[in-house]
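Sharing a structure with you now.
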Amino acid sequence: MCGIVGIVSSEPANQLVYDSLLLLQHRGQDSTGIATADGSMFHSHKAKGQVREAFRTRDMRALPGTMGLGHVRYATKGEASNEQESQPFYVNAPYGIMLVHNGNLTNTRELTSELFHIDRRHLNTTSDTELLVNVLAHELQEQITGSEELNPDQVFAAVSRLHQRVEGSYAAIAMIAGKGLLAFRDPFGIRPLVLGRRVSGLVGTEWVVASESLVLESGGYEIVRDVAPGEAIFISLDGEMVSQQCAANPRLVPCSFEYVYLARPDSIMNGISVYEARLRLGNRLADTIAKHTPLGDIDVVMPIPDSSRPAAMQVAQKLGVEYREGFYKNRYVGRTFIMPGQAQRKKSVKQKLNAMGSEFRGKNILIVDDSIVRGTTSKEIVEMARQAGANKVTFTSAAPPVRYPHVYGINMPSRLELVAHGRKIPEINRELGSDNLIYQEVADMQAAILEGSGVTELEMSCFTGEYVTGTVSEEYLRWVEQNQLS
Amino acid sequence: MCGIVGIVSSEPANQLVYDSLLLLQHRGQDSTGIATADGSMFHSHKAKGQVREAFRTRDMRALPGTMGLGHVRYATKGEASNEQESQPFYVNAPYGIMLVHNGNLTNTRELTSELFHIDRRHLNTTSDTELLVNVLAHELQEQITGSEELNPDQVFAAVSRLHQRVEGSYAAIAMIAGKGLLAFRDPFGIRPLVLGRRVSGLVGTEWVVASESLVLESGGYEIVRDVAPGEAIFISLDGEMVSQQCAANPRLVPCSFEYVYLARPDSIMNGISVYEARLRLGNRLADTIAKHTPLGDIDVVMPIPDSSRPAAMQVAQKLGVEYREGFYKNRYVGRTFIMPGQAQRKKSVKQKLNAMGSEFRGKNILIVDDSIVRGTTSKEIVEMARQAGANKVTFTSAAPPVRYPHVYGINMPSRLELVAHGRKIPEINRELGSDNLIYQEVADMQAAILEGSGVTELEMSCFTGEYVTGTVSEEYLRWVEQNQLS
Amino acid sequence: MCGIVGIVSSEPANQLVYDSLLLLQHRGQDSTGIATADGSMFHSHKAKGQVREAFRTRDMRALPGTMGLGHVRYATKGEASNEQESQPFYVNAPYGIMLVHNGNLTNTRELTSELFHIDRRHLNTTSDTELLVNVLAHELQEQITGSEELNPDQVFAAVSRLHQRVEGSYAAIAMIAGKGLLAFRDPFGIRPLVLGRRVSGLVGTEWVVASESLVLESGGYEIVRDVAPGEAIFISLDGEMVSQQCAANPRLVPCSFEYVYLARPDSIMNGISVYEARLRLGNRLADTIAKHTPLGDIDVVMPIPDSSRPAAMQVAQKLGVEYREGFYKNRYVGRTFIMPGQAQRKKSVKQKLNAMGSEFRGKNILIVDDSIVRGTTSKEIVEMARQAGANKVTFTSAAPPVRYPHVYGINMPSRLELVAHGRKIPEINRELGSDNLIYQEVADMQAAILEGSGVTELEMSCFTGEYVTGTVSEEYLRWVEQNQLS
Amino acid sequence: MCGIVGIVSSEPANQLVYDSLLLLQHRGQDSTGIATADGSMFHSHKAKGQVREAFRTRDMRALPGTMGLGHVRYATKGEASNEQESQPFYVNAPYGIMLVHNGNLTNTRELTSELFHIDRRHLNTTSDTELLVNVLAHELQEQITGSEELNPDQVFAAVSRLHQRVEGSYAAIAMIAGKGLLAFRDPFGIRPLVLGRRVSGLVGTEWVVASESLVLESGGYEIVRDVAPGEAIFISLDGEMVSQQCAANPRLVPCSFEYVYLARPDSIMNGISVYEARLRLGNRLADTIAKHTPLGDIDVVMPIPDSSRPAAMQVAQKLGVEYREGFYKNRYVGRTFIMPGQAQRKKSVKQKLNAMGSEFRGKNILIVDDSIVRGTTSKEIVEMARQAGANKVTFTSAAPPVRYPHVYGINMPSRLELVAHGRKIPEINRELGSDNLIYQEVADMQAAILEGSGVTELEMSCFTGEYVTGTVSEEYLRWVEQNQLS
């Protein structure tokens, strides 16, 4: 759950990358980093926290150059305090490579062993991004013969080799010192990556590659297309772009969670508008609700702001019930300080949401959330609605029950913590304390997201337990759950 | 445009004040401060920026004590970089007084001169809060006779004298060292202040006074009542509360802008729910729109998130037109860095909003905003809608035209910068570039806000030019416009 | 053990005060502060640590104005971490007063009670400087009658009253907002204060008042004279200087420890050159050594750098023995970090000194130190000399045995921690592990310091137990020892 | 002009390295860095400024592991603000290497080109340390064949190859991840490096390698020996030490400036005590002075503290003239802030030294300094002595005239800035404004430093213009003077 961006421009790249990262901030707020290339010299700055806090004027001034890339990171528990895991990652041979990555590799144990014992490369962290940049560096080194200049074919050959060695999801952007910017996406295209272009009379053609299309739209870039699954794109320092398919059997199987929860609604991914996908999720959910609930039972439909708003609006419209925003989101969330002699106080959903009594009192409320993972927040929301005076609380989820771990770059707890793992819906309903609980059907989610897009497959493993990359075994899942790698 | 809170508890006050300030953060993000009293010792910490950034664990540990107060501040241009203007303010005699203030005094020039020449008090800033605490200190000093203990009557007498000397709007909270917490509100009750109570088996009765009721609700406090115009409330260190009306002719004339834009929708002020007031503003605006617009002309109603959402929902419902959220708000706003040799780039609304093309293309859009001040943002929004493909753009404002300065604590530009100053509506429409422009009527705004509340008067000077405190002259307005005091 | 400086100039005072504080840094390194007055506005910045670390460019830019004062502070154990105790201290009525102080008041308990119960002034710290500025403020307030302008006679009358209320040692400098700079010294002149002047073609006459004369010399100021015991000096904003004796029976009884250890050798205090006083202390000590030691017993004389160097050079010369610097002082002293699970390691003299083996091996060494307080360092030095191969170690002190607390502003441990408290010299010798131990005689120290100066009395209470201010009782000493006030 | 240290212990290395760097702080104060190895994971922290300011507790806690190395750096003008040039430097293949370096390479242009074009390694800075670590990495990579474990012979072979490629001075320490610590010295042993050992009952054998022996002595380590010119030493993680001569024709030609000025007096380098070398420099200088000066002409001998103290003491003793410390060194040196609208004020020697009038008035002074480089400080010192009232000023230098650049790691200005470049002694005397100027003879300096040591050669190029490494041409010197590399 990270966001990445890379830019080749002819004006300073630092502010362009910075502005882009702000627009990707919803994808990760634990740490951030920018690297730029000034000629063949790299400059970088990484820090904990949000983009706004991480870069001061002096940091930006130390980021000269017209090529750059950036990263925002959502860390797992163990990593949060570890600044060494922050991206971008750098290796100094061959050429000097600086790389950012969104995704998660699933054969990290094999790769670590190979790199150490065969390639003699040192890994100084447990980050799979460090693995990725070292595999890329090793394969690029292998392509170099004699003394001729590096050419894109060598780069594409290295990416092809990388696809053969690496398993999992990865959308990556790399700068090769003195050469140019490389972007590539795993053979299933699990994580998103989109290519844009801006032609300016003053500075010529600028290229941008980013996790989400809104970065392009907000920056005034034209959306060229999604980077294809398995494809690599190389943009030289002087703005020449070449691309090549580097995977043997590429298939587009994008991650469903981008549409359900993660991406911004104003992004278009793989030709699918996130906003419209969410409206369609609402439409389909409304049908399911209508099947299971006598409509007189519902006075008002309410979203949990902000992500379930489109689905909820559609549910309300389709059911012909009033739409009301009874929950107000606290934008400014702070900390609970531990004073000497005190224990840590429990974090509660009350820090994030407030319920407006007048919208609840005596009414039958239908709440629409985007998904239910652990269930703890949902339970507190139900309780909050009751305390605000709700008569009856129906809880609905625009996504199906989450029953399996997500191993492709979205942090999820171990199976034991998933409220839907091993439970039937009535049991979950009892757990949440709601009067009624309605989930989207898996087939409906798939149809809603893919409708009219030409895309035929969807990565839905956390709902179905079927993993698109072949090697995710029960043994691997247990290892992930113990080590909390993301 | 500030937020204040004061707490008398029997558990540590620092986290309670901190949590409250987070909930008031929308009222000011330029600086913040907390002061606590541990016995008769004060401790305080102030810093620039938002609450989340301003307090580290070490700062919180240096704020012991069970009584405390806090402030969030919205600064004018000149003050933003001046940390000395941050609140709370402190004077050390008599007793030691620490004070926070929301509002704006309108006779600062007279008060400054009196304090310096007659009271021999030193003012080290141009803040009207420093004036307020010095007037309070001087009047309290005057009440002390002989060696008896301070009693609430002396405090109330001092507030009565203060009401006679001070003009303008002020909701204030002060700690008197070793004595207790004082809260008072100007004789017109222009700025809000609400009293709450929490009874806990563990720690006894806790009192809280805050700018908005949601602080009470989120904290699990019972709302006791609004502090009355002119009233003072004194809570002793051991939790005994006494109150007294200290003004000669108090009248409740609350600020309309709290309901239009400033306050959180989940607050109730002077018995009026902000959220419901906004729904009613939407209803009334819908009627006006219906009068001026052939309905076939509108395909979709859109709010500018977040504040105009309730009004827009109501407009859509009443007009029977589809409600759509075509604008997405960028939550993470950063800076534009000035690099050596570069000029400052213009800030644009594009940093704050993004338009989703699919909602605009070929449609006739009716945009609902809460109000129009300078008009620059509105103009950019219209342009953004057109670029996103809108066919026809109708711009509407849930508040009437803003034509006069606001001198009671809400920062507004000088009259020359107000787009509605000296312009008729068709002229403003041309200025904004919209196809049609519809404002709320003044009488409708007043009726919408006050409806069913029992409150009969509303401070609406920026719409009407009529100032409730007698002394706001043309000469004063010019001085304010030149000196940008808030 | 602090250093103070005040400046009235017609150019910016901030850098002048900063440069002066660097020269006084040896008097205190725990915290520092600068305040300036720009017209009648005060600006101040205080921080922990040394001057060099405490002020950044932005801090200096926020200190405009041509009048200023500064402070460096040596804190007792309890205070070190308490930034609120940092100087200068400010009160806002009458006029606004900003004050710095070097010394220690001995009737703080009485003053605290008076200020609270009679003067109704709030003390927010346990600092005696806050007491001093409040007494000054209160007495100045009492002098104001009617509306005429403040004149120096009123200020001098207030200082006279202050001398009657306050006991102990105090050299103080205060700025009165919009008026000028006040400096005064206690009626015994225990702590030093010297007045200087600089006439510049560009900016007219500049005045400076500082703890030590080297500040004047290094800054190119002419030394006008010491401020007399009990005297007050007032310099108006436009550089007019007036002075008056404000004490009933002033007597000059300067602190002996300034000459023994505290002051810089290149300072002249009360007409006595510190460097020459130390040479004379060496001469007298040499005589005593000659009486007690067969000279063939000593091969080499060694100082403990830096403060005992002049005395040791003189001892060597007078005894006709070779002078050698066998100890090297580590200038860069760091911290011992506490790692999780580790205990704090003991600080050792090895972090501060290193012994050069070649100067010690097989030799009889005579070590000269300026004084012996706790004895723990001396003991480690003796051990270090033995480990470096010394044959015989004679330890000598240029000051007599320290047997009593110092209550006039130099931090000393409680009596139980003084190695000479209740012990005879042979017992101390055993304690230190030296072969021989020789102290300066009290009469010799007095004669050496005062010789040829015209000064007739010396504050030597820590050697003799006789306190020059009448009220230092056994009960007071016990209270001090328990509360560690300095 | 840097200091380095490396430690292999069985207790945490962070505090050991930190304590060592404090003792090497005099060798460089511009930036500092520590790296540790915890198993095969490296951790590092670098920062600007002195050690004391650079490491907070949190930084130290992030440096786990029992092997570590550290660096203090003296930067040239251009580099001072460039944190990227801070050491240690890291490359991640083969194995992972972390390296610190004291010295200066003289064939950086050739190496840069080779590394880029032939070895395909990216250099991200202009630091010669980055060159050194890349040459080492490349040569180590070349040694690896098949899959066997790395053995010391391969490491020694790589260092042998490095000696063939690299020219200039270099004492270096490197950690090889998961393997051990490597230390090596250039074939002329220009820069110092000493090996120590500590056997502790608790933790077994600890090894330390450092620039100066005082680090060993202060830390309680036994001095094993100097690392020989051209030698490499490898210490495995479990404390096994092996060494090998890796240069074809090693010769010991140590840098004279270490003895003249740079090293701490309590260090022993190449078997020569720095302190005793300085005493001997004083003895020889006294002879030269006696030849050129009628002794009645000198009343007093004075050092410039701290480095010329031993020489000056010896001059005084040998001439039979009184030794006096008339100059006092200001330990706390701060900054001159640039205020808006002000120009930078000139730095003057007055910020560093103060003259005590009483020692100068009416006397003939002989000043002993360690060396004269630019001459600007010497000139100001002469002037200061005259202003303090000196009758006649004889200036003497314990080193010969500095007439050529120093290219082996000591920052020196270009030839045009050297006061002795192209000038005869009477001309220099006129330049400095002294009455008489006496320099040490080159032969005397050499004899004084080497006397009784068994060392036969000395690197004295800045006095003689003869460079021990063959390739320092006039063209190179000009390039260095333009690029200010150190």
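Order of writing sets the labels: A, B, C and D. Residues in every chain begin at 1.
What we mean here is this: a contact is a pair of C-beta atoms (placed from the backbone, for glycine too) under 8 Å apart; a residue touches a chain by one contact, two chains touch by 3 or more.
Everything quoted here is computed from the prediction, not taken from an experiment.
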For chain D, the least number of touch steps when starting out from chain B: 2
Farthest chain relative to chain D (centres taken as mean CA coordinates): B
Distance between chain centroids, defined by C-alpha means - chain A, chain B (Å): 37
Inter-centroid spacing, chain C versus chain A (mean Cα positions, whole Å): 62
Whole-Å gap separating chain B and chain C, where each centre is the average of the chain's CA atoms: 51
Chain D: positions in contact with at least two other chains: none
Category of the chain touch graph - line, ring, star, complete, other: ring
Sites on chain B touched by chain A in the complex: 12, 14-15, 18-19, 22-23, 25-26, 50-53, 55, 57, 60-61, 214, 217-218, 264-266, 273, 275-276, 309-310, 313, 317, 322-323, 325, 328, 330-340, 350-351, 354-359
Contacting residues of chain C [partner chain B, same complex]: 40-43, 84, 91-96, 117-125, 134, 137, 141, 144, 147, 177
